[in-house]
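In structure tokens below, several structures.
Each of the two complexes below includes chain A, the first together with chain B, the second together with chain C.
== the complex of A and B ==
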């Protein structure tokens, strides 16, 4: 059952999310425009070859394009056009993929990114925390030392380097897994068993590279939290009352998880940056790959579009996590009143 | 059969470090009578918290019980709990026979579940029907002046004093014979302290708990509630005596110094004024030879530097470890 306080909490969170979303999208609008360069230059260059280098025609084309994209207008006019168009579901036209619409470019690749990012982050979080808690409860045993040392080493490995090592070992040396892509070229997406297996094979390496490199950090954090919680007075009191270890471990686990849940919400945002490089290393057709393309060609509308969608999905994930947090920790839910 | 609830005989408990040990409780003997409150006082690091752990057999590395016997009276006979493992004592004694109110009792409740849920878990741990136990918890809450509706709340919704009372109510839910309170009032304001002590005494009066060990460095508090006072210094008992007598005329020079350094409204203490004990407590890894207090003692004699004074009865019910009260002095 959702109490009155809970509704209040959700409402506050929503207002906060909307405000931060507006700020974030504004920054995303402004930042690429600070990068020196003309987004149309590449397009005009290729046009000039087709148009037999007729300066008149090129200048005319540039004028037309400037008109169409509105890059000539003052930035605030551009901004309000961007916002009002975005609210109507129109994220504009891509420069690099002219004349394709930004939304049409993003929608087919977005599921690939989410499919890679969300499960990998959550699995890493889950495995890392379980491992960390396991080590924490057995402080100073060889299990604890083993987990801590491995975690420390693994967490320092850059994920892209790990990705390359995995590709080299499993893809090149052993040849048992594909080296890149989300599915075999020429194999069109369909809901068949064959396609599923094909996708799964391509999925294993990028997925593992994210999970392995992210897991260590979680394990280290959780181990520390558990050790800290074990020293708390409620543990001593429960022990002295004759409570069983199993119950006390449950208490400790529950309380140690709370900061880790906040951490998950943050890392979902952070994983976005990681996905970009992972997708490039694995040639994986996700939003990161698309964003990379957009950034190198200074494709303002596409950069904006990718971010608008990605930030929205990250915020949605954050919101869900906040909701779960409030369910577990009464201090968050009820503390609002005081 | 004597009327003591617990007998502590020549107990030595040391913290074992790599190549040495810290003698936190060194050759201590005393008895806890039924129906009494013993106040344990001493400076920080004198071993009083270790003593409360030893009494419960809460012995975790690096602490080790080196020698001695701890006997606990259950069903009319004495059980030697010092021969049991920590887990065995925990299973059969903790909560049921002896309970603990930890330091900073305000944080002693599991913070993220309702108090009611915690009580249910406790019932579960001791195989008691939940509804019966909850009913008892409600009654106990009323006894400590808390509305039973607070059982349905989370600990953080209660004020500091209320939390403390809830902790007493829960600590005594299983009617333990011995309650060990380890500096429970140090985080409370004076009004709440008073309330806390009143409830503690009420618990004893009603026979819910038989005896109470109250560990503190706050002598004024002990003065209000304890029947006997046990003074510890550097892992040793310096003096154990009925509270009135010890306040009126402390025998051991350390006790004298300790009482002189406290501001209390008692006329007999007021007269003396406040003084401090010069110097600092010794390092327990390598305590001084002879009486451990001799480097700071104003009455130190030659024998104090050589021999350790034994804890001897000098008056009925009064025991002191000091050569000033022994024929052995030379």
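== the complex of A and C ==
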């Protein structure tokens, strides 16, 4: 099923993503070193000032930090160590949670973020595209106008602000849904029915706030794509042949979906940013919440670790979407497009 | 030329509605703080008061006036959005034009660079940069945001210029001995002007949204009040869980109103100027 041309396409995409990933990690590596007034040395200075409180632990953390950031070694050694450590999954030791490893802190929270972000993004993409296509096919009717106007406004609502409104309305005013967290405090994660229902209840509000505000953008884009496609010659030709509208719509829908798939890959980074902030608003124990804590304590090894993992996840997701695209688009599958 | 260009715009209902909403908020941001002379940072004993005659939009936990904060916030957010937009537009235009005019290896290099920035999760990089800066002015925030939103614009400018450069009238202008400068002014700029303006408007949205996002994660401007900073304060003080709706609703409404007004303006312009969308 997978042709030679497809392998070539996938290989090119893979090379591009690896180069991009190396550049992104280079940025993560360079930033603390090129920004004036080196924040790391400032952090070390403040660490030694409070060393009286728990001198041993803090001194150990300081020594560890010096070693892990490799200060004093030539820059290319530092860079090589950083990249090879990152590839082996060694992201260093947290300062605020010393002596826990950064990776051990990220792994338990990552599933919560994925559980929130992936289903919400896919549902929003699916609903938004269907709604947009519906409006596009019925151009200039009240359906089209209604969908377009609503989407123009809804697409501009930040996820987290909608989250705040939903918390206030459903959590505080009506009191029917929990106001934050991923499960009730004291209810420890387990594979029981009760826990599942509890998680689901906590899931509804953050999930809906992402789905609702992400939907609008897809609807606007899809409506435009459908209108463009409907203006193509093959549509006129099919109409002249007496083809049924339903069948034409099917072709138009398929062609309009292709750019939306590419769009999905490109939007993931922004969607992740929005989801991280939504987690903060909801006190949802995901990566965004961990990042927020790391930022407030200036725990740079943890901050860097979160970014290395998140950027890698984005690129992985990008690659998966590219792969699906190659499977769907006949021009790539049959190698007609160079 | 300008008359024929702008007349159909002002016959478009959407464009007019969007423009009016935007102008109202622009006026609130520019004139608002001058007319409503309450210090947005002044703490009073009337804390967490719902809207009343003395405080039209109520007060926050420290007794600061929400309306005064909102007016100041609209001003800062529009400023950040505008500045970020100018930066993005400048970078995008330079890279797109260079690519289209120089072609060859310069084009290849610039376009790979553009594609790399396009796939880089810019929100994350912006958060990372901001986390290393101890002092963040509004201008620094605008710069961080502006540095990452230009790639799709650069690609579009390049594609449009390439198509224009291969048309006959450009060739004729060259034969007629037009200088490069005159060629750019008379043949190239008009073709990218409307698209650039629409992008400019959307970049402002990117700047306003980006500022709000950075602020909520605790990395907004370190001095002054913006719409994002207002939301961050509200989240920190758990305004939504404590029912203080007058605190977190206004800044969000302002963000959504300004950005959707701008989006409506750009959509309406697309409908007027884009032949593929023009109604038959």
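Worth a mention:
We take it that the second predicted complex is superposed on the first by the 284 of 338 C-alpha atoms of A that agree within 3 Å, B and C clash if a C-alpha of one lies under 4 Å from a C-alpha of the other, contacts with A are read in each partner's own complex, and residues count from 1 in each chain.
In this section, a contact is a pair of C-beta atoms (placed from the backbone, for glycine too) under 8 Å apart; a residue touches a chain by one contact, two chains touch by 3 or more.
Not measured: the values here are computed from a predicted model.
Aligning the two structures on chain A places chain B and chain C side by side, free of any clash. Set against each other, chain B and chain C differ in how many residues of chain A they touch, and the higher count belongs to C. Touch criterion met: A:238 reaches chain B, while chain C stays clear of it.
In the superposition on chain A, A:328 makes contact with chain B only, not with chain C.
Shared-chain residue A:156: touches chain C; no touch with chain B. Contacts of A:247 after superposition: chain B is touched, whereas chain C is not reached. Taking every C-alpha of chain B against every C-alpha of chain C after the fit on chain A, the minimum distance is 8 Å. On the chain A side of its complex with chain C, the touching residues are 16-17, 19-20, 23-24, 27-28, 31-32, 35, 37, 39, 42, 140, 148, 152-153, 155-158, 160-161, 164-165, 167-168, 171-173, 179-180, 220, 224, 227-228, 231, 266, 268-270, 272-274, 276-277, 280-281, 288, 291-292, 295-296, 298, 303, 307, 310-311, 314-315, 318.
For chain A in complex with chain B, the residues that touch the partner chain are 232-234, 236-244, 247, 251, 254-255, 258, 328-331, 334-335. Listed in rising order, the residues of chain C touching chain A in the complex are 115-116, 118-125, 127-129, 131-134, 205, 209, 212-213, 216-219, 231, 234-235, 239-243, 245, 248-249, 252, 255-256, 259-260, 263-264, 267, 276-277, 279.
For chain B in complex with chain A, the touching residues are 56, 58, 90-91, 94-96, 99-105, 107-114, 121-122, 124-126, 154, 156-157, 167, 170-171, 174.
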